[in-house]
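Two complexes come next, and they have one chain in common, chain A, joined by chain B in the first and chain C in the second.
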Partner chain A sequence: MNYLIPLLVVIPILSALIVNIFDGKDKTVKAISLVLGILVPIIAICATVGVQYFGGHNPSLLTSSLPANLVNTLVAGYNTGIVYAFANIERIFIFLMGIVAFLAILTYFSEKKEVSGPYLYLIFMGLASVIALLLSEDIFNMYVFFEITALTQVGIIVASSTEDNYEIALKYLILGAIGGPMLLLGIGFILGTIGSVNIADIIFVISNKFVQPYSPGLVIGFALILFGWLYSAGLPPFHTIKSAVYSKARPNGSAILQGFSVLCMLAFGIAMYKIFAYIPYFNTAIIVFAILAMVLGVAMSAMEVDFRRMIAFLAVGELGFIALGFGIGTQMSIAAALFQAANEIVITAMLFIGFGSVYYLTNTSDTRKLGGLIGIDSKMAIMVLLGGWALAGVPPFNGFQSKLMLVQAALDAGYTELAILAIIVSVVIFFTFVKAFHNVYLQPKPSELKFVHDKIPKVTVFAVAILLIICLVLGICPNIVTDVFIPFAGGLI
Partner chain B sequence: MSFYRKFLSSVKDLKSNLSKDPTTMDNVSGAIAAEFLIFVSLILAALFLRHINAIASIVVVILAAVLAFTNMPLASKVKSEQSDSLEKMSFYIIITLGVLVALIYWGLKYV
Partner chain C sequence: MVMDIQLASLFASGALIVIGLFAAIFIDNIIKKVIGIAFIEEGVNLFLICLGYKAGGVVPIYLPGMTADWFAANSAYPLPQALVLTSIVIGASTLAVMLALAMVLYRKHGTLSTKEILGDEK
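So, the complex of A and B:
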């Protein structure tokens, strides 16, 4: 038994409960949050690769104790309990998400004198849910944790006290009332057809033709789960509400929310790939939504004047790159998609926190009302610029490595037009970012611009610096993660 | 030259359609970048169809190019459809669900 695997979920849940209980005692809440928050990435590093059978339901050990009528039947090998699998790929994503969450919490403490227990509760519950989502080998369990994630996302927006946040939270709930139940219905169809919700069991049953691979239950299940995946990730047609959600949270909340979306997308994307990759035009369907996300997300961001919404749309556009890698469906493209996902968690968080410092200083995110902020903190301005370059795929940052890998994979697979599209979209991302940077930092300061704070907290600068260092390290030494992603992608196809 | 004039007038339309706020170099440059991105991606997406059927791809590329040129500016039209309006968002979500289920369920009957 590797008890550190369930602890990856238990510790954030415990943290959520404790900080909520101690709401009002700021020092205690801060201390508990920081100690328990840093534990998640530490455990992710220390935990050994393994499988956790909850309740001891290891099917290989249970075979001897089965009733006689079940021995040597199909169901004898089924996993009867929830299974968590922890491998190096989970280690990387949980570590990065843990670091982003920790730095976002740190930034929150530096920018707010009075901390909110319920707000931190939502952050920790969301973190626990996405970690469970990544670890779980059971699609129903994944759905349950995804719903908890979605609710915490709504909670984080509501708790953010920004303009129109209640309206966007309500819209997200309403649209989630379409996406969530469809995902559950799809899982229900799979359960009805296969008799299990464990991914390994489902693959075993389909690959050994114990059910017809194109039976109506499986086909409808695939369609609905694909739709649910679009909802969980924020791919079109859910990209508008997802970008609104990011832009209505506090910058540190947005940094965490986009990480949640990337992990939800990955968890369901990998599960879908394992189960349904045999379906004809599976890859084409994913590519269609990837192109839509890239083009709509980036085109909308190019026309945006609110920098928070602009980064939110860029985040959606970047999700398109991840989906494109999955859609191309080769070992290198899937590895590139995973690398891109790891990069997006870090880069977008850095931009939300970095650009968020402008919102902290001026209480506005309208680029038409901003200007001259390079004079306030030039170090932060340069780091934000470098972050934007990383997002656009400028060397030597991590975004360059993952996008280059993706373009090469598209060319190798014979999808020249997708490679060209990926490059064009990256160019527009660069243009969009430089335009926003010029407006916020370089153009003359408008006379009517008022400051609500004099300077950016040092902790915020520190958080952005740490994230930038991660970007640089992953850009210079991409094999730290690609050595894990490439073999994993090979096993997936 | 007629294509050029068509493009020029579409940029003028874009300026007026884009927003009621004073139009600046920034938002026009953003809108033009978006316009080019949408146009190019439409053609490239149509070209992607060559992996399914080459002849269909040629027909769709020509159709997409003609439709895109005759309906410029595309960016402002796309932007108006991507608003935070609950009605528009629900509409596209329901349409996507319907198309996905119909295509996958009935499409795979012929596999």
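So, the complex of A and C:
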């Protein structure tokens, strides 16, 4: 038993409850949030790799106490309780998400004098649920935490008090209330066919042909879970609502929300890959949605004049790269997809917080009304520019390494056209970003532009700098993560 | 006859899901959309319950006097029932948040029409 594994979920839930109780006592809430917030990445680093059987339901220990008519049956080997598995891949993603959440909370404190307990509650609950989603080894438990994540995402939008946030929250919730039950229905079909919701049990039953691998229950289950996955990740046809969600939250909230989406996508993507990769057209289906996400996300971002929506669409386009890696389905492409996911959590968070400082200064995100902001804080402007380069895949940043790995994997697998598409999309991302950067920072300041704050809080600059350093470190030493991702991807296929 | 009960329940769950999807996608009124979503959730819950049904089985609670072998052979499958309990809680929470948002939006726009409410958003 490794008790640090459940603590990864317990600590954020505890933090959520405590900050909500102390709402109104700003100093206490800030102190508790910062102390408990930094604990998540620390525990992720310290925890040893292992499995946590809740309630001690280790199947090998239960065998001796089974009724005689269940001994030597398939059911005897099933996991009868919730199982959390913690490996180095979980360590990397939980660490990165923990750092992003901590820096976003820090930024929130620097930009708001009075902090909101319920807002922090939602952030911590969301963090707890995505961590549990990543750790969980059973698809129903994943569904439960996915629903909690969706509710906290809605809460974060509502608590952001931006224009039209309630409308977007309702729209997202209605779509979620369709996507969620479809996911559950898919899980029901698998349960009906196999009799378990534990991923290891499902794989065992299918791979040993105890059920027909192409039975209608499994195929329908796959289709429904794919639908839920598209919703959770914000891939087409849900890309517009997902980008609207990002753009309606506060910049620090957007940074966290996109991280949640990436982790939801990753957790369900890995689960789907483990269970359904043998189904014909599995890879084709994933590639189709990946291409749609890349093309639609980048095309829509190129047309945007609102920089928050522009980053939001770029984030959707980047999700397409992750899906593309899964769709190609080789060891290197899946490793590249995982690397891309790790990068996206950091880079997009940096851009939301960095560009968010412009919104903090001017209270507008319309690039037509902005200009000359390089004169206010040139350090931040340069960091945002470097962040954009990292997103587009310019060396020596992490985005370059993951995209290079993905393009090489596509070429190795014989998907030359996908490699070319990935390069073209990256070039468009570069130009889209440079255009927005020019409009916001370099063009002459419009005479009607008014500032609501005269300088960017130092904490915001610090947060962006830390995220940029992570991008640079992962760009220069990609083996820190690829040494974990490549063997993991090898195990998946 | 017993099999028919399970089949009938499965058809009922399918009907609930289809009606709910129709309401959630095509009906303009927010409250009716919410009702449609409740239909979908209950349809899925009914589907899960049907999976655990055992013809002539007993409630999966181990009582004094039962032997472990008899219980294993005759009790209904309890896992779907446990899942449905959780699903009901999640469904209730989602519906509560949706209705709260509907109230706020009604106060803001003076209408429950999604076309009018969401048509305004920028």
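Just so we're on the same page, the second predicted complex is superposed on the first by the 493 of 493 C-alpha atoms of A that agree within 3 Å, B and C clash if a C-alpha of one lies under 4 Å from a C-alpha of the other, contacts with A are read in each partner's own complex, and residues count from 1 in each chain.
Basically, a contact is a pair of C-beta atoms (placed from the backbone, for glycine too) under 8 Å apart; a residue touches a chain by one contact, two chains touch by 3 or more.
These figures come from a predicted structure and were not determined experimentally.
Visitor: Judging by the criteria at the top, classify the pair chain B and chain C on chain A as clash or fit.
Guide: Result for chain B and chain C: fit.
Visitor: After superposition on the shared chain, which partner residues are touched by A:Pro216: those of chain B (first), chain C (second), both, or neither?
Guide: Only chain B; A:Pro216 stays clear of chain C.
Visitor: Quick check on the superposed pair: does A:Leu173 touch chain B, chain C, both, or neither? Answer first, second, both or neither.
Guide: The second partner, chain C, only.
Visitor: What is the contact status of A:Ala68 with respect to chain B (first) and chain C (second): first, second, both, or neither?
Guide: second
Visitor: Under the stated touch criterion, which partner chain does A:Leu418 make contact with: chain B (first), chain C (second), both, or neither?
Guide: A:Leu418 sits against chain B, while chain C stays out of touch.
Visitor: Could you say whether A:Pro118 touches chain B, chain C, both of them, or neither, answering first, second, both or neither?
Guide: Neither: A:Pro118 stays clear of chain B and chain C.
Visitor: So, does A:Val428 touch the first partner chain B, the second partner chain C, both, or neither?
Guide: Touch partner of A:Val428: chain B, not chain C.
Visitor: Name the contact category of A:Phe140: first (chain B only), second (chain C only), both, or neither.
Guide: After superposition on chain A, A:Phe140 lies in contact with chain C alone.
Visitor: Which chain, chain B or chain C, ends up touching more residues of chain A in the combined arrangement?
Guide: Between chain B and chain C, B touches the greater number of residues in chain A.
Visitor: What's the minimum Cα gap, in whole angstrom, linking chain B and chain C in the superposed view?
Guide: Nearest C-alpha pair, chain B versus chain C: 6 Å apart.
Visitor: Indicate the residue numbers of chain A shared between its chain B interface and its chain C interface, in ascending order.
Guide: Comparing the two interfaces on chain A, one with chain B and one with chain C, the shared residues are 168, 171, 174, 178, 244.
Visitor: Residues of chain C touching chain A in their complex?
Guide: For this pair, the touching residues of chain C are 17, 21, 24-25, 30, 33, 37, 40-41, 43-44, 47-48, 51, 67-69, 71-73, 77, 79-80, 83, 86-87, 90, 93-94, 97-98, 101-102, 104-105, 108, 117-118, 120-122.
Visitor: How about chain A: which of its residues touch chain B in the complex?
Guide: Touch residues, chain A against chain B: 168, 171, 174-175, 178-179, 182, 214, 216, 219-220, 222-224, 226-227, 230, 236-241, 244, 279-281, 284-285, 287, 291, 294-296, 298-300, 302-305, 367-368, 414-415, 417-418, 420-421, 424-425, 428, 431-432, 435, 439.
Visitor: So in the complex, which bits of chain B are touching chain A?
Guide: Spelled out, the residues of chain B in touch with chain A are 18, 21, 24, 26-27, 29-31, 33-34, 37-38, 40-41, 44-45, 47-48, 51-52, 75, 78-79, 82-84, 86, 88-90, 92-97, 100-101, 104-105, 107-109, 111.
Visitor: Mind pulling up the chain A residues that touch chain C in the complex?
Guide: 67-70, 140, 144, 147-148, 151, 154-155, 158, 163-164, 166-171, 173-174, 176-178, 180-181, 184-185, 188, 191-192, 195-197, 244
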